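Alright, structures below, take your time with them.
In the two assemblies presented below, subunit A is common to both, partnered first by subunit B and then by subunit C.
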Partner chain A sequence: MADATTKHEPGEHPDLPAPTASTGIIGWLRANLFSSPVNSLFTILFAALLIWLVPKLLNWAFFDAVWTGSSAKDCLTSPDAACWAFVSTRWSQFMYGLFPEAERWRPDVVGAVLVLALVPIMFERVQFARLVRGAAFVLGPIFVVLLYFAFAGDGVQAWPFKLIILSLVVVALVAAQAAYPRLRRWLVGFLMFVFPIVAFLLLLGLSNDAVQAWPYWLMGLSAVALALMALLPRHAKLTDWSMRVSVALVILFVIWGLALPSNWTVGLIYGVGAAQSQGPTVIIAIAAVLTLLPIVVVVALLLAPRTRSGALDRFVLLCILVGILAFFGNMLLIQAWDPIRGDSPPWAMAIAPAAFAVAALAPWGYDRNAGLPGRIALALAPLYLLIAYWVLFGPPDFFNLGMLDWQANTVPFFRGVQGVLPYVETPLWGGLMLTLVVALTGIVASLPLGIVLALGRRSNMPIIRTISVVFIEFWRGVPLITVLFMATVMFPLFLPEGVTFNQLLRALIGVALFSSAYMAEVVRGGLQAIAKGQYEAADALGLSYWKSMRLVILPQALKIVIPGIVNTFIGLFKDTTLVGIIGLFDLLGIVQAGLTDQKWLAPNVPYTGYVFAAFSFWIFCYGMSRYSQYMERKLDTGHKR
Partner chain B sequence: MTAGSLAAKPASAVWYRDPFIRSIFFQVVALAGVIWVGWYLASNTIANMERQNIASGFGFLETTAGFGIIQKLIPYSETSSYGTALIVSLLNTILIAFVGIILATMLGFIIGVARLSNNWLVRRLATIYIETFRNIPLLLQIFFWYHAVLKPLPHPRDSLAIFDSFFLNNRGFYVPSLKSGWGTLSIVLVFIAGIIVTKLIGRWAKARQEKTGEQFPMFAVGLALIVGAPVLVWLILSFAVGYEVPKLEGFNFEGGVNIIPEFLAMLIALSVYTASFIAEIVRAGIQSVSHGQTEAAHALGLRARPTLKLVIIPQAMRVIIPPLTSQYLNLTKNSSLATAIAYPDLTSVFAGTVLNQTGQAVEIIAITMAIYLTISLLTSGYMNWYNARKALVER
Partner chain C sequence: MATAEHETAPPQRRELKISDEVAIQLIDMHKWYGEFHVLKDINLTVYRGERIVICGPSGSGKSTMIRCINRLEEHQQGQIIVEGVELTNDIKQIDQIRREVGMVFQHFNLFPHLTVLENLTLAPIWVRKTPKDEADRTAMKYLERVKIPEQADKFPGQLSGGQQQRVAIARSLCMNPKIMLFDEPTSALDPEMIKEVLDVMIELAEEGMTMLCVTHEMGFARTVANRVMFMDGGEIIEQNEPEEFFNNPQSERTKLFLSQILSH
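== the complex of A and B ==
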C-alpha cells in the first residue's frame, strides 16, 4: 500500500481505496440499517421482533408440527403447532372436492394440458441459456423435494415422477417455441378453440343424454373443425383444402339431417302434413320453403363460378341472408309443428340451419377477395364455438329445454361410448379444481367482453356509449356477493318456466359479468393513454374502425394495461372464494367445511386449515403478480426515468 | 381535378357504407337488443312470480320483522318492521366501513412510508406485509380472524382482562362506557364542531396570509380543535360522571360496551387487507413526485420539513387521492362479506334474513343493490369533482 506520507508528482498519486466505513458489509450496514439514531433504534427493535418471532413460526410450521395422523387426537399431541395431518388426510378432497376417485385423472389431464399449452405462450422468445438457467434454479429444488416425496413413504410413489416429466416437457416446449414460432400460433389456437371443449368434455363427462344426442355430436365436431379453420393463414383460397373441408362439413350436415326421423328435414314433412289439418297453410308452406333453401343454396354454391370476386361477394351475401331466413323459417316451422308433437319447441333444431349457413360460409372468411360478407362470416367465428358448446353440452344440463327423445336414434357406436367418460355432475366438483374452473372461466369471458365494453364506452355513438356506461357502472357499483345472491335467487325468475340453470353456471355468469366491467375500465385506461395522433394516423391510412382498432390501437393499448389486466385477474382469483357463500365448495369452502368435522375438533386445526388455504391462494396470486412485473419489464420499450 | 369533383361522392360509395347510416343502424340494433332482453327478463319474472304466488311491491317493509339483530345503533326489537331492520343493517354497514376506512388509512400510510424508508429492514418488512396480505383472499382473512382467532377465545368467566376493565372473550370485547348516555354523543358533537371550526379558521388564515403574508399555525390549531377538544370533553366527562365498567354477572358481562367478535373480525380483516393496497398507493404517489421537485425546493432554500409539507405531499396527494377513494369504495363493498360470518350488515340482514323470510327476491335484491350503487356513484361523483378541481391546468 502506498504510504500516505510519500510525495508524488501532481497527477501521479495512486488511487486510494474508499474508506472502510463506506464499503463492504460495514458500509452497507451503515447506509441501510444504522444511518441515524432513529434508524438504528428501528433496526434493533425489528431485529429483536424477528429473532423472537421467526423461531416461533418455524417451530409452529415445521419442527413441532404433526405430520401424520388420522384424527384430532393426533393433533392434540402438539397443540401449539400446525397439524398438517389434517391437510394430508383431506388432500384429495381439497384438490378435487367430491369428484369420484376413479375419475380424478380427468382434472389431472386437463390441468396438465393447460400447463403444457399455457406456459410456452407465457414465456415467448426466452433466450435458451436463460431458460436453462431459470429452469435449473426454479425446478432443481422442486425436483429434489419431489424425489424426496417419491421415496419417503412405503414404496415408490408415481405422482412426483409424473410432475417431473410434465415440467421437463413444458421446458422443452418453451425452448421449442422459441425455435419454431409457428408452434406458438398453434398453441394459442389450441388454447382458444380446442382446450375449452376438451376441458369441458373431460371434466363433465358424457351423460346418457349427451351420448344419445349423437347427431349433435356431428354438428359439434364440425363446428370445432370450423373454429380450427380460423387458424388457417389468411391467404387461403377457396380452391384450397379449406374449401374441401367446408364441403365435407356440408355433407356431414346433410347426413345428419337425413339420419334423424325427428329432425328438421323430416319434421318439415310432418309440418307440411300438419298444415293441411291444423295450422295456417301459408305459414307452414313459407316455413317449409325457407327451411329447404339452405340445401338449394349449398348445391348452387358448389356449382357457382368463382372467377370474379364481385360476383362472389354478392353470392356470399345471399348465403347469409338465406341462413338467417332459414333460421327464422325453422322457428316458424317449429311453432306450427308444436301442437302435433305435443312437446315444447325443440329449440336446438333451429340452430341447425344457422350452423348450416355458417358452415357453408366459413371458407369465405379466409379469402382476401371475399370482402365484407367474408368478414361477416369471420365475425361469426365465435358463433361456431357457441354452437359447438350448445350442441355438445347444451341439451342435457344447461338448457333444460324440451328435447326430443333421442333414445330411439342412438347408434350402436355411441352406445359403446357410454360409460367411457361417466358423467360427473357439477355439485360434485370442488376444491382447488373448482376454484381454477371459476377463475379461468371468469378470466376468459371477461377479457373479450371487457374490451367490447371499453370500445363501446369510447364510441361516439351516443346510444352504444350510454349502454356501455350504464352496464359498467352498475356492475362496478355493487358488491360481488350481491351479484352472486342475484344469480342464485333471481336468475331462476328471469328464465321461462321449466328452464333451469346449473348452480355453477349461474355463479360463472355472475362472476364473468362482474369482472368484465372492471376489465372494461382497465382497457379504457389503455385506450385513453394512446396519443390522439395514433387514431388520426390510422384514419389517415384509410383503415376502417375495426382495422384501426385491431391493428393500431388495441395492440398498443392492451400492452400498456397488461399490469392492470393481471391485477384484475388477481382480484378475480381472490373473489372466487365468494362462491363458497352461495354453496359451492371451492378451495376455501371445502377447507371451511372440513373444519366443522367433529373428527377434527382441535384448537390447532383451524389455524392449519386456513394457513394451508391462504398459502395456496398466495402462491397463485403472488405468481401472477410476479409475472405481471416480468411482462412490464419485458414490454417496456420506452425509457426508464 | 376541380374542387367540385373532390367534394362529390366517389362512385364506389354505396349507401350501406355510409358511416352515418351505419351508426344509426348499429344503435337501433343495440337499443332493440337491450329492450328485447329487458322485456324478455321482465315478462318471465312477472310470469314466474305469478305462478309461484310471490307477493310483489314494497308493502313488506311495514311488516313486523320478528327476528333480533345482535348489533344495533338505533332502537330495534323483534317487533320492529322490516324497514327498521333495513336501516339498522345499513347503519351497521356504514359503521364498519367508517371505522375500517380510518384504521386502514392509518395503517396504510404508515406501511406505505415504511416501504420507502432508507432502513433496509423496515423496507423489507413493509414489503413482506404488503405482498402477504394483498395476495390472500379477504374472505379467507375474515374466516381466519373469526373462526381461528376470536371464536376459540375463552368463555366470559376466563376472559383475558386488561386493567380489570377491558375484557376479551368469545362473546366479544368489553370496554367501559361513560355512565350517562349523552356523554358519547356530546364527544361526537364536539368532534364535528371541531372540524367545522377548523375549516372556518383555515379559510380565514388563508385569506390573511394572502393579504399580509403572515402564516398561521394551522396544523397545531386544527389538531387542538379536532383531537384535543373531544379528548378534553371526554376527560371532563369521565371525571364528572365516571365510568361503567363491565362486570361478570352469571355467565356473561353486564354494563360497558360490547364490541361483538363479528365486528372485530370484520374490522381487523378489512383494515389489514385494504391497508396493503393503500400502502402501495401511498408509495406510488410519493414516488410519482420527481426528484427534481425536491432538488428545486432545496435550491429555493427550503428545509426538509417544508419541502415535504409544501412541495412533495401536495403533489403526491393529487396522485394518491383518486385510487385511495376507490379503495375506500372497495372496503365499503367488501364489508358485504360480513354475511359469511353473520355480522348484521346490509347484505347479511336484509339480503339474507329478510329475503329468506319474505321471499321477495326482486325487491330486496333491487333495494340492496340500489343502496350500494348509490354509495358508489356518490363517491365516484365526488372523486370526479375532486379530480376536476385538482387537475393540472395544462397549456
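== the complex of A and C ==
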C-alpha cells in the first residue's frame, strides 16, 4: 500500500490521507490548546478560572436565587443571590411602562405582527431541511422552558402557549415563503407600507383631536397618493409595488369620499335648504355637481371594460380625479352650508380653488414621460398648496377645528373606532416597548437616510455635497444627549406659538438624524471600496445613476459594510437608554424607577434589576450580531477567493 | 506583449464586408486631463463593419480615445458623432449612444454580487425593459455563443479569467450593440486563456460587428483587422491595412514600436 515513504515515478504520486495526529479531536486540541508551553499554560489557567467562576455565577443566578415573592423581605432570604421576584412582579411594567393594563394587548399584537412579517423575510430561501433542523435546535429547548413556565405556577398559564403558537406560525411562514417566493414580496410591502400605519394606530389609538382632524388625514392621504402617482417610474405596471400602493390609497380614498354617505347626503340636504333660504347659490351648485359627478364617473368606470393596461392606466387616473373631486366637493358643500349656521371660515374658500388646482395637475403628475425633476415637482404640488394656504391665512389650525364639530356627530364611525382603540398618550409608553419603538424607528429611518447622505457626500454637485457634509459633520459632532436636550428645551422656541410637538416624536427624530449621520459615513466607506470599474461597467451598459447605484453599487457596498451597519444599529439600540434624559421611561429607565420603590429596598435588588436590563439589551444586540454574520455568509459570492 | 504569434487563427486574412455608412466620426477632437493634453486633434471615421485595432505605447491615449466614444471620458473640444448622434452633455444623447455601444474592459468589471446570468440580463431588463424570460433566453443564447452556458448560475468570482472575459463580452452583446469597444481585453489574462477570448472576438468580427479594439495581439490584428492604427503622445501617428502596416511602416516611431513588440 501507498505510504509517504514509498517512492513513486514523477507524475504518478497518489493522494495520501493526512496523518491522524493533524486531524480529529486530538489534532484539534494539539493544534489549538496545547501547541506550545505558553499556550498550554493559558489553557490550564483559563480552565481553572472557568471552574472557579461558573459555579458562582450559576449559584447567583439560578440555584440560590429568589424566584417568588412580593417584597424586599423575600429577597433578603438569600441576599447574596439574584432576586428574580423583583423582576417577575414588575414584569409587565418593564415591558409596557405605564401603558394601561386593559390596552396592553395592542403592543402585543403589534409585536406579534412584526415578528410574523419580519422573520420570514429575514430567512429568505432557507432550505426546508435546514429550517426544520434549525427550528428544532433553537425552538425545542425554548419550548421546554416555556412549557415548564406554563405549568410551574398555580394553574396553567396561557402566555407560554401563545408564544409557542406564534413561533410555530413563524416557522410555517418561513417554510411557506421558501415555497412561494411571492409571499416574501407581499410581506415586504406589508412591512413597508401597512405595518407602520397599523402600529401607529394600534399603539396610539384615536385621540379626540385625531377624530376632529380626519379631513386632514384624508388630505394627507390624497397628497401621498398623488405624490406616488407622480413619482411612478415610466413603465410602471399594476404589479409594481408603487402602483399597488397608489391604487390601494386611491381606493381607500374613494371609499372614504363616497362610502361615508353622511357627508354628502347630509351636506346636500342642508345645501338645498340653504339655497332656498338665499344662501351662496353658485357655490352650492358647484358643490352639488362635484359631489354627484364622482358617482357618475365611478358607475361609468364599473361598466367600462378594462382589460388592456392602457385602460387600466386611465382607470387609475380617473380614480384619483374622482377621489379628489369627491373629497373636495364635500368640503365645499360643507362650507357652503356652514355660513348659514353663522360661522364662515376663510380656509374653505382657499381649499376649493386648491382642489381644482390639484385635480388639474393630476394628469400631468400622471404623465410618466415627464422627466424626474418635473415629476418630483408635481409630487410636491400638495405641499405647495399647503404652503400657499399657510401664507394666505396663517398656520392651519390642524387639531382644533372648532367649526368641524359637526363631524363628530356625522361620523360616528370614528367614535366606534375610538371605543376599541382609546387614545394612549405617549408619556404612558415605556419599558421594553418604548425601547423597541425608539430603536426600530431609528434603525428603519437611519439606513435609507444614511445612504442618501453618503451618496450626497460623493455627489459631483457642490451644493448637494456641501449640504450632506454639513449635515453629517453637525450631527456627528454633537453628543446625543445634547441633541435630546435641545429637542426638549430649544426646539419649541422655533415653533410658532401654540404648536406643540410630541416629546417622543422629538426623541425619535433626534435619534434617527443622529444615527443617520453615522450610517452615512459607514455607507460611504463601502462606496469607496467599490472599484471604479464597476461604475464604468454600469455606465457603459447605459444604466442611469440611480439604477447603477441601486442595482450595482449599493448591493456590493452595503454587503461590505454589514459589520459597520450592524455596529451602528447596536450602538443606536443601546443609545436609546439616553431618552431617559428627557423624561421617557425606556427599559433601563423603568427598571431604575422600580429600584427606588420602598417596598423593594434590599441589597440584591439593584444587581438583579441591572443584570436583567443588561441581559435584555444583550439578547437583542447579540441577535443583531448573529444575524449580520448570517447575512455576510449568505451574501458571500466567492468574489474574493 | 510577447505573444505576437498566437495560434489564434489561420494566418490568411478573410475579406469581410464593410459598408460605406459611417458608424463613428471623431472630428478635431481634443482632450485634456487638467493641464495635460492627452488627445490632440483626433480625426477618425469608422465605417460600419470595420474592425480597427489600435496599438501604441502605454500612455499614448488609445484607451482614453475609445473611452471618449461612450463618454466614460469627456472630451473638451471637437465633435464625436456615434451612429448619427453627437455626444454632448445632454444625458439623453449619452444614454442613447451607450445603448448602441458595448464595451469590454481589461479587468472584465463583471458585477460580483450577481450570477453570470443576472450579469447578462441586468441591462436588458432595466435599460431596455425586456421582460425577464425573454432576457434570460437572449442571455443563454449569447452564453452559448461564448461557449459557457453551463456557468450561467455561477458567480463571476468562481470563473477563470478567460471565462470572465467571455461573460463580459456576452454581457455587452445582450444589449444588442451596433459597435463594440474593446479596451485591452486580453492584457489581464493568463497566456493559456487569451486564445479563448480572441476566438470569441474573431467570431464576432466575422458576423460583421463594428469593432474598435485596443490590443497588442498582433496575430489578432493581422487576421481580423481591416485597419491597424498606431497612436503615440495623444496623436494618431499612422494607420493602414494590416499587411502594409506591419510590413512597411511609414513613421520611425511606428517602426521602433513594432520592433520592440515583435522582436522577442
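Keep this in mind: the second predicted complex is superposed on the first by the 393 of 641 C-alpha atoms of A that agree within 3 Å, B and C clash if a C-alpha of one lies under 4 Å from a C-alpha of the other, contacts with A are read in each partner's own complex, and residues count from 1 in each chain.
Please note the rule applied: a residue touches a chain if its C-beta (ideal position, glycine included) is under 8 Å from a C-beta of that chain, and two chains touch if they have at least 3 such contacts.
Owing to the predicted nature of the structure, the values given are computational and were not obtained by experimental measurement.
Asks: Which chain, subunit B or subunit C, ends up touching more residues of subunit A in the combined arrangement?
Replies: B
Asks: Quick check for you: in the superposed arrangement, does A:K547 touch first (subunit B), second (subunit C), both or neither?
Replies: So A:K547 only meets subunit C here.
Asks: Does subunit B (first) or subunit C (second) touch A:P107, or do both, or does neither?
Replies: It touches nothing on subunit B or subunit C.
Asks: If we overlay the two complexes on their shared chain A, which of subunit B and subunit C does A:E536 touch? Say first, second, both or neither.
Replies: second
Asks: Just checking: does A:K559 make contact with subunit B only, subunit C only, both, or neither of them? Give me first, second, both or neither.
Replies: The answer is second: A:K559 touches subunit C but not subunit B.
Asks: Name the contact category of A:W618: first (subunit B only), second (subunit C only), both, or neither.
Replies: first
Asks: Which holds for A:Q592: it touches subunit B only (first), subunit C only (second), both, or neither?
Replies: The answer is first: A:Q592 touches subunit B but not subunit C.
Asks: Taking the two structures together, which residues of subunit A meet both subunit B and subunit C?
Replies: 641
Asks: Considering only the defined contacts, which subunit A positions touch subunit B in the complex?
Replies: Within the complex, subunit A touches subunit B at residues 31-33, 35, 39, 42-43, 46-47, 460-464, 467, 473-474, 476-482, 485-486, 489-490, 492-497, 570, 574-578, 580-581, 588, 592, 595, 603, 606-607, 610, 613-614, 617-618, 621-622, 625, 641.
Asks: Note which residues of subunit C are touching subunit A in the complex, please.
Replies: Subunit C residues touching subunit A: 70-72, 95, 98-99, 101-103, 105, 107, 109-113, 122-123, 126-127, 129, 155-158, 171-172, 175.
Asks: Looking at the complex, which residues from subunit B come into contact with subunit A?
Replies: By the definition above, subunit B touches subunit A via 23, 26-27, 30-31, 34, 41, 44-45, 47-49, 51, 117-122, 125, 131-132, 134-141, 143-144, 147-148, 152, 290, 333-334, 336-337, 339-340, 347, 351, 355, 361-362, 365, 368-369, 372-373, 376-377, 380.
Asks: Looking at the complex, which residues from subunit A come into contact with subunit C?
Replies: Going through subunit A, the ones touching subunit C are 235, 531, 533-534, 536-544, 547, 551-552, 555-556, 559, 635, 637-641.
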